[in-house]
Structure formats: structure tokens, C-alpha cells
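My structure is below; once you've seen it, I'll send some questions.
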Amino acid sequence: MSASPGLDAGDREAASKGPSIPAFRVARSKRMHVYVLIASVIIVGVLASVPLWSQLSTSSNLITLFELVVLAQMWNLLGGFAGLVSVGQQAYIGIGAYGLWLLADEFHVHPFIALAGAATLAALVALPIAPLLFRLRGGYFAIGTWVFAEIMRIIVSNIQATGGGSGTTIMSVASIPFKTRIHGTYWIGLAAAVGSILIVYFLLRSKIGLGLTAIRDNELAAQSSGVNLFRSKLIVFVIAAFGCGAMGAVLGLQLLFIQPASSFSVNWTAFAIFMVVIGGFGSIEGPLIGALIFFVLQQTLSQQGSTYVLLLGAIAVVMATVAPRGIWGWVVARWDLHLFPVRRGLVMESPPERAGPAAPSEAAAASDAS
Amino acid sequence: MSVLELRDVNVFYGDFQALFSLSLTIEEGQTFAVIGANGAGKSTMLKTVAGVLRPRSGHVLFEGETVDHVSAHDRVSMGISLVPEGRRVFPSLTVEENLLIGAYRGREGDWDLESVYELFPLLKPLSKRQSASLSGGEQQALAIGRALMSNPRLVLLDEVSLGLAPVVIKRIYEAMEELPGRGTTILVVEQDVQHVLTVADHVACFLEGRISLQGTPGELSPDDITAAYFGI
Amino acid sequence: MNWVNIVLQGILLGGLYALFAVGLALVFGVMRMVNLAHGDLGILAAFIALALVQSAHLPLLWASLLTIALMFGIGYVLQRGLLNFTLGSDDTRPIVVTFGLSIIIQNGLLLGFSADSRGLDAGAIENASIHISNQLAIGWYPLLVFIAAVAVIAALQLFLNRTKLGRAFRATSDDREAAELMGIDNRHIYALAMAVALVTVSIGGIALAIRTTFDPSTGPFNLIFAFEAVIMGGMGSVWGTLLGGIVLGVAQVLGAQVFGAGWGILCGHAVFLLVLALRPSGFFARTVTT
């Protein structure tokens, strides 16, 4: 796969005629990425088959993993790639959950289909709120997202129809036969998790993605280069809301019973931050690793008490202070490994003029944007 | 014992090397000028002396003592004061407050508000004004006065004439001439060769991180200087 | 219903919010950091005071003074020992770390004190009121808190404008590199700023604890109110946080009166969003950019 904007054969030839500039092309993928792609397809295939041959409890547990992957990817999209640290994504998780209830119970849409509507609802709510929040920067932006989550929580808690503060059972989901519900939710969850990764991946490969990296590194410079700051941030914010809304809807399918205190709980942000801090900011691989680690922790420790959350917080604080790049960041620093071909690099067409190895070399000379 | 000595100093910005085994000695009471084109490493050298940058290797000695591990703010106590590039006066503070901040470390000496106002009379009527509203020349005078308030043994001046009208530059250099009389050693970095040569008793020319020429203004001809400046 | 009475209540409540807000604004002003654990630290102070009163049997005044002194130390060590290392060009780290801190404090308090609601007992003054006229009465306690807020803000403003250290704070806020060149040790200044901020938020936390009940999860609410007061008051202005607090307090109290008890806070949020939409720089924006 090559993309060499503006460089035609004539330029390249001229370039290679000079004394020391070897012919090159700008490309994103290396051979390794093809292997990664094949491996990913196999993994997803295996995962998709799980409900067919394993116990219901396994499928049920894995749904949580899928939710975590979505949450981690969306939070990282905002905070790791766009530099918008949100501590209020729970607003959209809650909207997703209650949106599911609204569409399924009140409007009698089949729950599995209502999920898409719930996620869309979250995105629609995010649309007008984003411009307001963007007037705030940095830490104040973060608190602003928290305020909005609080607003949503209060509103939902005070509406009788939703069951108020005590919560409600999503009856139309409850009426689905147990096995069908678990399997259906499982596949939807898997689709959401894979979807979240793909959305982030394609977004980053697009022009918006390049603009995002520029914004994250230096907003002023990016703006003067013509990057439309506002539009890029808005798109990312709305997508993140959509993703979290989808996650919230899956949560509703999984749990049946939803409550403002838990759907809109700031603990979701705590989990997201933990996953991304441990796994690594600003990459796709990082949050994936973080989600896996967190999921395993949850399954093996199975405590949800204060000690557990306190420990999570402490680990996150230490990691963020001492090793801000996370586990994947360490991997990248050590081996320069990138599983997802997002960054552009230089691929040499032929070996350099001076004596060197006979095989054509691929040089990844992408500027280090992180 | 010299006031300042740089011994084989190598300074890097990340992977980029800005100073190459730089060695320089400045004696007490001298007005030492460093000239050179943009990017030659002059400001880098000043920042290394001030402690804002640390050399990767080599030593900076102030009055015989190595100060490599002394932080920038502690070097002020020792008697080093930098007038940074771009003036960098504190915009929300008044002129007087800017000057008072210069005396933060409370070093003993002749310089106080009165004597600074004597040196730069233009500042006195502006004393209660917010420094953000001052003109470039006024800010430069303020920045120099502020540095003097710390009663330094060594004053470092980074491109004080940048962006200023000739008349203003002249006044600033006139003020500079009074300083050696008070026992202050001056290390001044400039792109504007003309003015600085009128006050300097020693000159070094930097080119791409190295000294290309050194001597007194009397010994060096304009052609020598031009050649050293541009690396011809 | 006597509207003047209600508005007065709101104004006095604004004093309490200002106590929470001023520390947040100070820390942001000096080191451009937003401390997401700010509210929790205020509640921590309330719990420390409570422990001193209950376990050490200290009178409330002494317990409070001791707590405030302790929080000064905690603030200094916290900034110098941890938060200074998160500052840099990357905006996201301090947010993540202070959020983690918030989690740690809340859950630590839960473990130490349980989730029960508590209150600090200040005696008769809590319920005494001044009757200004037949229809107008304000509580002694809210008035005291308001006066305390004004005193704290005035003291802080005086400190910033008239003292050498205060000048150093302002210089560091303007240009921290140039401040280093003046001999000002940034790490020390930042730590002092955090220490002062925690003193103010402790006063707020204790004031809150006397006025109403509190528990380990109260912190984030105080953070949000402090934040709203700061944004509405205009960042960079210490007196502005008082005005912002008053606007918030009045909005909440009026909202509760008009729409019902559960909606008061929401009304405050709504007014905040309105101010954000219409006047993003708040009421008192600093004209000199830092």
C-alpha cells in the first residue's frame, strides 16, 4: 500500500539521480502488518464462535470485556489522540443505557436494533454540548464534561417515567429468552468492540487523524496550518459519545436493570483512565492491552469494594507520573513495534548508494508525533 | 581568577548539538561581546552560563567554582544575572514591581530602585505603570534594570538591541558603559555588531557553535569580523 | 414567599462556594493546573477536623486551626513530592493524576470512616438568626461564613499585591522561566501556592461540615461548584470567584424555591452553561494575558 501525494515518477527519478538521495515512497504498511491483519481476522473469528461451543457464563463475562474495549478506545480517542481529557464520558454511557430503555420499552423497537438508536441519541446530545465545552481548556474542560454528566444524572434521577433514582428494568429486554439475549448481546458487543477499534483506526488514517496529531502537539501551529480545529474536535467528540452510547446500550442489554447512580457513575471514567494509563496513551494497541489487563483483574479479584478502587487509583497515579507512556509505550520505545499501520513511513525503493545490506531496506522514518 | 570560564562545553537540544567544545574566559570588569549570526549558539551559551541549560559535558566555572549542578535560581544568589532574549518583563506587574522582583534574592550591593532610576531616568515616571503597556525600548531598559537589582557580579545580556530603534539602542549602550565602573562584568551577545564594538573591550565571534574569531576591537579589522561572522 | 430573603440566602451561600473556588483559581493562576482532587481535599479537611474533635476531644476551634495547619503541610508536600513532577508541556498528566488522587482520597475516606453522613457540631450558632425586619432574617452562621470568605479573599489579594512572596507568585504566573532568572524557585512557589489553596479549601470544607452533612463522596460536588464559580467569575480574578460564587448560590436557591428541592442544583448548572455560552471569559476576565 503506497500513498505518495505529489510525487510522480519524474520527481522520483530526478531524486534518485542525485548523488545521495535514494528513491523512496511514502507508505504506511510493512509486511508485518499483513500478518497482523490475518491474525486479527482469525482472533475475531474465534471470538465470534465462542457462544457456539462454550458456556453461557463465558459469553456473559466476555461481554464485559467488549464494553471495556469500547470505553478504553473512545476515551483514548478523546484524551490520547485529540488531547481532550474527559472525565464525563459516563454521560453518554448513561444516555446509551436509558436510550435503549426509551426506544425498546417506550417505542417498541426491538432491543437489538434499538442499540443503534441509543448510540445515535448519545451522539445527537453531544453535538450541541460540544461547542460549549470547547470554550474550556485542559482541566477546566475535563470538569466541564463532569458537570454535564452530573446534569444528565440529575435529570434522569428526577424523571418519574424512568424510574427516577431507583432505576428501572428494561422490560422488553427481559422478555427475550435468556440464551438468545446473552448470545445476541455477545455478538453485538463483539461488533461494538471491533467497530470501536476500526473507527479509531480509520479516523487516524484520514485527514482528520493527521490534523488531530497536529492539534495535540501544538494547537496554534496546527490552526495556522489550516487544520480546522473546531470541526476535528467536534467529530471526535461526537464519535466518542456515539461509542460510549453504544457501550451503555450493551450494558443495558447485559444487566437488564439500569440506575442513574451506576449508569452515570464517574467510576466509568476511573476505569477508562486506568485502562488507558496502564496500557498506554495515544495508540490503538495501548487501550486494548489496558482493557485486557483490567478485565483480567476484575475477573480474578472480583472485588468491587473501596480497597480495590483505591488500588486502581493508586496504580494509575503512579503509572501516570512515572511511566506516562504505559505498557505499550514501553514496547514501542524498546522495539518500535506498531501493530496498526497508522503512521506514515519512508520505504526505500532500492538500497542506499553507499555499501550496505543487499536486501532492500524499509526505513520507518515517520516523525515521532507522540 | 577569572569571573567566568567555560571549559570544553558541549550543549545539545535533544539530538541537535548547539555548542562544540566551547572554551572561553572572561576577566573581572571586562565588557565581553559575543557576536555571530542567528543560530550560531550565542544565546545557548548565555543560557548555559545562567543555568537554564546544562552542558552534556564540559564545565562552567564562576569565580573559580564549578556551577554545573547549580540551578538557575541559585546562580542568581551567586551573582549571575541574565537579561533574557525578548526582554521577558512580567506583564501584569508594574515597572516598580518588576524591579523589586529583581531584588528577590536580596544580594547586597549598590543597585536599588534609586540607582536604577538614575541609570534609566525614563523609567521613573513609569514606575506605577503595568509593564505590558511599555514600548520595546522601555521594556528593555526595565529588563536590564531588573537584572541589575540583583546586584550581580556578572550580567548577561541577550540581544538587547533586537527590535529597537537606533536612538533607543544608543541610550541603552550608553547606560551599559557605566556598568564596569561599578565592578560589574558584562557578557553581551548581539547580532548588531556596530554598536556592541563601541563598548566592548573583548570580542568573540561564534559560528555554528564554535568560536571563529577572538580578540580586542582594536586588533580586529572589519573584514576579519565579516569573514568570521559569515564563515567565509 | 419573601424573595429578598431567598436571594440573601443565595448570596451568603455564595460565600461558601467562594471559599472552595478561590483555591482552585489560585492554583490555576500560578501553575496552570486544575486540581481535580480539590473538592476531596476540602472534605478530607472536614474529616480530619471531625477526627480531632471526636477522638482527641479538641474543641472545634482548635481542631479547625490544627486541621488548617496540617492541610498547609499536606499541600506543600503533595505539590513538591508528586504534582510538580506531572507538570510540563503535556496537559493531560496533571488531570489524570489529580483525578486518581480524587479516587484515592474518596475511597481512603470510605475505608477509614464509612459512607455514613457526618456533621460538625458548632453549637447554637448554627441555627441562630438575625432578624433584620419582620420578614427579613438571615442566619448568623451563613453570614459568618460569608464574612470569612470575604476576609480570606481580601487577605489573599493583599498578599498577592503587597508582599514580596505574593509578587513572586504573580511573576511566576506571568512567566515562570523569567521568574527562575530572578532567583525564584518554581518548585517552591508551586508548593506554596498549593499549600495556600489547601488552607482556603480546608476553611471551606470545615464551614460546609458545620453547615450541613458530609460524607466521603461530597468532594466532587464541591469541586464542581468551585469550578462553576471560577468560570463564571472570570479566571484570573480572585474577587471574581466571590461574584461567581454568589451567582451560583443565588441560582441554586432560587431554582430550589421555584422548581422544587431536587432541582436547585440543576438550576445552578443551567445558569453556569448559560454564562459559558454567552460570556465565556466570565465576568472579570484579566485583561493582561499571561
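Per-chain residue numbering starts at 1, and chain names A, B and C are given in the order in which the chains are listed.
To be clear about the criterion, contacts are C-beta pairs under 8 Å (C-beta built on N, C-alpha and C of every residue); 3 or more make two chains touch, one makes a residue touch a chain.
Bear in mind that the values here come from a model prediction, so they are computed numbers and not experimental data.
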What chain is the most remote from chain A, judged by the mean position of CA atoms in each chain? B
Which chain pair shows the largest tally of C-beta contacts? A-C
When the C-alpha atoms of chain A and chain B are each averaged to a single point, how far apart are the two points in Å? 51
Please work out the Cα centroid separation of chain B and chain C, and write it as a whole number of Å. 43
When centres are defined as mean Cα positions, the distance from chain A to chain C in whole Å is 34
Provide the list of chain B residues touching at least two other chains, using ranges where the numbers run on. none
Per the touch rule above, chain A residues touching chain C in the complex are 79-80, 83, 85, 87, 132, 135-136, 138-140, 142-144, 146-147, 150-151, 154-155, 157-158, 266, 269-270, 273, 277, 281, 306-307, 309-310, 312-314, 316-317, 320-321, 324
Of all residues in chain C, which touch chain A in the complex? 28, 32-36, 82, 85-86, 90-104, 107-108, 110-111, 220, 223-224, 227-228, 230-231, 235, 262-263, 265-266, 269, 272-273, 276-277, 280
Mind listing the chain C positions that touch chain B in their complex? 164, 167-168, 170-171, 173-175, 177-186, 286, 288-290
Contacts from chain B onto chain C in the complex sit at residues 50, 52, 71-74, 76-77, 81-82, 84, 88-93, 97, 100-102, 104-105, 130, 132, 146, 150
